């Protein structure tokens, strides 16, 4: 795939995300314990850590599903800790889920259209008539999605296919497409290449880089595939047992003794191999 | 498959009917609806009107249960609200028929909205139970708010009169009910081509991701409740004009199960499904009646077994479709069509 | 005051009598819910079919009571097992809504079967409880109410003991807590599912015999299930204790409302309570919080 796009989408400016002293608890489990995370506008930042480190919990707190016990989440300096999850969409925060959360009964196209829900305005009476404003809005939406998202991610051949019957890799891509349709200023991806083969992984990695470069979106991602993480990210933050144990450039993090210990700690963790082979995944 | 349409024709691709075949089918259906009264049989006209009323109501329940994923065990109670509203306004104030029908829908929608309110706190089957509770409470109101509902004896409904024409018989009522049914079904179809309808489906399929893309769950659930009840209310209003009397017995709890069955058997979450389901479920008792009459020479009491057999069949249809064909008749229809689209080149 | 103290006491006791039957049926509901997570809307109809089977044996075939009761319970177990195997198990992996709707279909089937075999006419069960009214001082309790209370209480005591100590009860509780874990320690999970439906059907049938002997039987007696539904929601879907307490409470409340406000207010009162509980405390008084996720 060689994305040579003529019309780059309308770009809202990339967002900056600052998370400070974030703590979260489930009963006795401290899922997050005072973590700090700073994501520069336009960067690709990776959040990594062994299983159960609290990465997904951090995502859930940042996107507003969990109310953190302490700490603040700031988007471009504005405190959004108390904003309900559904209102964060409008602020430009989009995400995908570790275990794909698509609308299974709908086609790829409808799933992507739903991404723009919060930006549309037509109401129920317009919907019944499908005339005037509603019709115009729906036509513009379709054209825009075709141009900005479907072409961009090469989903043309499956646009009218129900997502439930797509293979895993494509579903992940559709989820990315839906998030892109939200015209995000910051895109949060929870394990975007989990379960993908090498080819699909490279494809996805390129897509992420393209999104950052062409759309000018900040990207925050959680990923276990170290090769990919080290290749595409500008900044890496490492969690273990709900605490931040390191942060810095990929090279700094790779050589950080605490990080190595965290990954080796769980007696023969298979992730060690991943960490060692980090430089192998030649992407982009 | 008819995909990969040229990008210039989004308008066609986004059309109410995506292909010419669909347009032809719809044209045939309309022609059939216009020509149907030529059969001249009062029985068939009555049945046609009843079927269409049930189509409206089933479509309403399909919007809530099939598309939004909220099971309602009180749909018939909303029909009753519509029927009482018509009986009340037409009987007391002699207001125009169309206004009464709109009022029937609106009052039912308002109550539906209230019944949906617990969805702020509860979801899934708990909400279904709340609708059951609401239906019981509404039943109490019908029975005991005598000044308005006529209590146990209920209300008589005047003949529907439009522009001086009395729609006293089913063959006349047909011309009121048929256009309303067509309009309401098309409106429902439109709903799911746009933002609002997509939000409903999103809530059904995955409510957390609905939230992440900025859909207010409460707002759209309430909207779905209101729309669904609006359909039920209008259907109930038409029902009142057909049967001319409304009592607390008119819409028993089993009627709610009837509509749920229609949605499941027809195909939850598709508009044709609602139509198929309503037609099928309305005709089954008639078919049974005919069979019973035919059996009388051999089994003189065949007719007393009618009601129980009907109940058994309704129940078995619900169970059978859920287990063997959860997408309902609509899916069977789709498969048949595909088979014949390829026939005789099927490999 | 016009309302006499003794009237209140008598009404309360009668209400608690009915409440014990609601509690017993509620326990049947909870057994199914705990094991299979199925909300069984047909519990009232399972009770009804039990009552009619008993009628068939005792009145139809004129068998003595000591034979009719065990035969009825055996038939009920078979029916419960059949329902589970043919209608519930194929859908257990689907979403809970489908199974729930299957139980709605089941209501309709059971009502139909009863009307087909026995017609829709209300009937009386043969008298088998002692007819001597029970008197506590001045307080009069109808004999059937008193004896059915005693039987229901005994049945529940047996059930609770069995659940606490017997292996099968422990397997059931383990399955309720975590299916995967139960299966991995060698518990026959599908067996537990079948067993729970059979047991629930037996318990419901017993309740049906008692309800029928107090108030007669008819194809509409499944409506009793509506009150039971309120009982289990108020008590918590997965709590036996909740079903006991809420059963007695709802029974008492219906009796008081029926006596002092009028019969038509009974369901209104209970369903209003149902709505309030649903909104304020959806998992009931004693239920586990996580079931809210449904």
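Think of it as A, B and C in the order they're written, each chain with its own count starting at 1.
Just so it is clear, a contact is a pair of C-beta atoms (placed from the backbone, for glycine too) under 8 Å apart; a residue touches a chain by one contact, two chains touch by 3 or more.
Bear in mind that the values here come from a model prediction, so they are computed numbers and not experimental data.
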Among line, ring, star, complete and other, the chain touch graph is line
Per-chain C-alpha mean nearest global C-alpha mean belongs to chain B
Whole-angstrom distance, CA centroid of chain A to CA centroid of chain C, is 50
Distance in whole angstrom between the CA centres of chain B and chain C is 33
Taking each chain's centre as the mean of its CA atoms, chain A sits from chain B at a distance in Å of 41
Chain B contacts chain A in the complex at 1, 3-4, 7, 10-11, 13-14, 16, 187-188, 190-191, 193-199, 201-202, 204-206, 208-217, 223, 227, 269
The answer for chain B against chain C in the complex is residues 69, 71, 73, 118, 120-126, 128-130, 132-134, 136-137, 140, 143-144, 254, 257, 260-261, 264, 304-305, 307-319, 322-323, 326
In the complex, the residues of chain A that touch chain B are 63, 65, 85-90, 94-95, 97, 101-106, 110, 113-115, 117-118, 120, 122-124, 126-130, 134, 137-139, 142-143, 146, 156-157, 159-161, 178, 182
So, in the complex, the side of chain C touching chain B is made of residues 39, 87, 90-91, 94, 96-98, 100-102, 104-116, 119-120, 226, 229, 233, 264-265, 267-268, 271-272, 274-275, 278-279, 282, 292, 294
